[in-house]
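Two complexes come next, and they have one chain in common, chain A, joined by chain B in the first and chain C in the second.
And now, the complex of A and B:
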């Protein structure tokens, strides 16, 4: 496979980095030059990745405009190689990329909006899973509640931000109506991404609910997660939070942990 | 390899089904022989899978891959393969196909793969043949079924090739038991771009191994025909298709259209043209 790998690596370097290909490429073709053949592949390569990013980050594209987004994706593609034969896996690094992208520094909320869009993208393609069986949960004796470990549905994500990203995201959906005025100083926003009946939902969580869910996501038992949340947010209401999150299809199932 | 499942596609024309037509197809249930989808678009659950399962209730489905990279020198992506396996279990497709191409090389910097999400050509050597054959066998073993492998449209060729693409495909089929998906437009593109003798290619294919035809449109950029799947099938490709129907015989035939996707009725019109020719040459068996 050594010779094959030499030929493929050489063509890969030509397509991705624009390096001159080796002499293994047949140059006897009369219709067009090798450079044009390489350019077709280079255009395909960059075009496919650009189109993928347009599909994943429609809100970012609206926020910065088409031309700026094209500049942004060109730089992103230059710095981030594809690692999967499935294009749906491309673009995960966008939040980190825009955080460091000099021309977008004024838009401080952009990285968190990108993180939210990536979470929505992942939620859309996530595996199917069961929804929490409330009847089964009701059979657990109350003294064992503190030991409950709630397992998060694969389509559920929490994106916490200092900026009102939930409002920004909703204002840029096709279904949004009218001009939204969003006060960027209106405070933090905890965006809950979930999938219900195959539809991806984005909802805002309170600080207390988000802190509790983050703890649960980390695998913390119900008792400990609730106690630590109440320490910081004395008005945290476990029952209300559970009802809301179960309704949002956040949990897949539960197990019982050991008493610490 | 386990007992290969018979491909149950009927010898009629179908269309490539893409996202813009999902709703219309499920609402109107138009007369379509069968549909083919890209399996990469259905690698998880949720709405995409649910939609495909609904489509499957009404039409035979063929799964067509663009991302396995069977000639890649990077290791076979096991996650990609197991996603395809799960999809096969869920959908019970009438056929599963991939391309004779590569998309990834090892990236020593990260101990991983550098992927180019495209269908890329490689030199047709004995070394490549045994490499690709091993990977095709792995895929067939995992899926427990025969794979259909499609000839490629190429914009470059290699001086290191030791055989033609048709010789490579024929030998690959002989070694692994894989079938051949003959894309007539790809052959036409290669004939124009690289000087491949199209009729000789068709005559040299083992007719018994050919299990499906693809038809599509292309466009011209800087003297190079690019396989864009963005237009109607051109006259020359219809002529080559008829030549193939006489030489090889009628097989399930797909109309592919992937960019600038037109109204569903346009695809149906193209499929009718293919169906007409399938019936015209139905006596040319084998």
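And now, the complex of A and C:
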């Protein structure tokens, strides 16, 4: 991180916290007082961060409305400094913030929707990575399949929630059409976020598929992950899960682990 | 079916279908098409633009905002330009 010299960091402090700068910076201006000048900077600073959050959390904005969202981001910006020169890194704390945000307590699903939107945002900006090489996989002898360690693509995220967040997210996309009725008590949902051809995808996974993927994400070998998933979910269908996840570009590569 | 057979069947079907998803190649086959983005749905913008980047276009078809499209597509779109 680049450290600013004292004068500039003093000005930055003034902008962030709305205090008058104490340093030697020439703040004299014929038309504006120092306080008003700082307010102009301060407004731009907050406006930029607000626009950034609108870009990352369009579903949250639709769910609570523009005015409420402006209030929410104002509080968020007051509590969370931008810690990177790259604004794409700003806003990670939104899910935790919303969970503790008193005026939004009635919307119990809001924190999980925020977590899903952050995952989509991260997926969009994640590094490129190769897709699973099927030809390379074809060279692995079947007796070694249980030792396969599948590597997850950097754009892939799994967001698990007690609420139907996948349906909520899809209902607030531009492409959404028709009458939506979402039953908030319709049970948990496992949102799979991935990126294919530069487009971020959000798809719903069954409990069994999500449990298996979580195990694979943790670096568990294919044999063990599948066996333990089948133990808890006898209906788990590895074939269907693999086809679906490969089509969603969830895996980037694989290695072979030791036989336990 | 035991676990080993399940794995063989599942990976076998993957190999048989020859499922190929090639995401990384797509990025290299895209071009930046200016002047066609819908408000709030641009992929990014030129350095001359008044906003930061993705999703921040404030009006439709701003000449400074672009959408990434497959190579060769931009010239076919009315109002689309490869330069801002």
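Note that in this section the second predicted complex is superposed on the first by the 253 of 260 C-alpha atoms of A that agree within 3 Å, B and C clash if a C-alpha of one lies under 4 Å from a C-alpha of the other, contacts with A are read in each partner's own complex, and residues count from 1 in each chain.
Convention: a contact is a pair of C-beta atoms (placed from the backbone, for glycine too) under 8 Å apart; a residue touches a chain by one contact, two chains touch by 3 or more.
Please read all numbers here as calculations on a predicted model, not as lab measurements.
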| item | value |
| --- | --- |
| Clash or fit, chain B versus chain C on superposed chain A | clash |
| Touching partner for A:85 - first (chain B), second (chain C), both, neither | first |
| First, second, both or neither for A:48, with chain B first and chain C second | both |
| Which superposed partner A:183 touches (first chain B, second chain C, both, neither) | neither |
| Touching partner for A:67 - first (chain B), second (chain C), both, neither | neither |
| First, second, both or neither for A:195, with chain B first and chain C second | both |
| Which superposed partner A:145 touches (first chain B, second chain C, both, neither) | second |
| Contacts of A:242 with chain B and chain C, given as first, second, both or neither | second |
| Touched partner set for A:106, first chain B, second chain C, both or neither | neither |
| First, second, both or neither for A:223, with chain B first and chain C second | second |
| Clash with chain C, by chain B stretch, listed 95-103, 239-247 or 257-265 | 257-265 |
| Doubly contacted residues of chain A, that is, touched by chain B and again by chain C | 48, 52, 87-88, 124, 128-129, 195, 198 |
| Footprint of chain B on chain A - complex, ascending | 1, 3-5, 7-9, 11-12, 15-16, 23-26, 29-32, 34, 36-41, 44-45, 48-49, 52, 81-88, 90, 123-129, 155, 195, 198-199 |
| Interfacial residue positions of chain A with respect to chain C in the complex | 48, 51-52, 54-55, 58, 87-88, 124, 128-132, 134, 137-138, 142-143, 145-146, 153, 174, 195-198, 222-223, 226-227, 230, 238-239, 241-243, 246-249 |
| Residue ranges of chain B in contact with chain A within the complex | 40-41, 43-50, 66-69, 71-73, 77, 80, 83, 102-107, 112-118, 120, 122-123, 125, 127-128, 131, 155-160, 192-195, 221-224, 226 |
| Contact footprint of chain A on chain C as seen in their complex | 3-4, 6-15, 17-24, 26-27, 30, 40-41, 51-56, 68 |
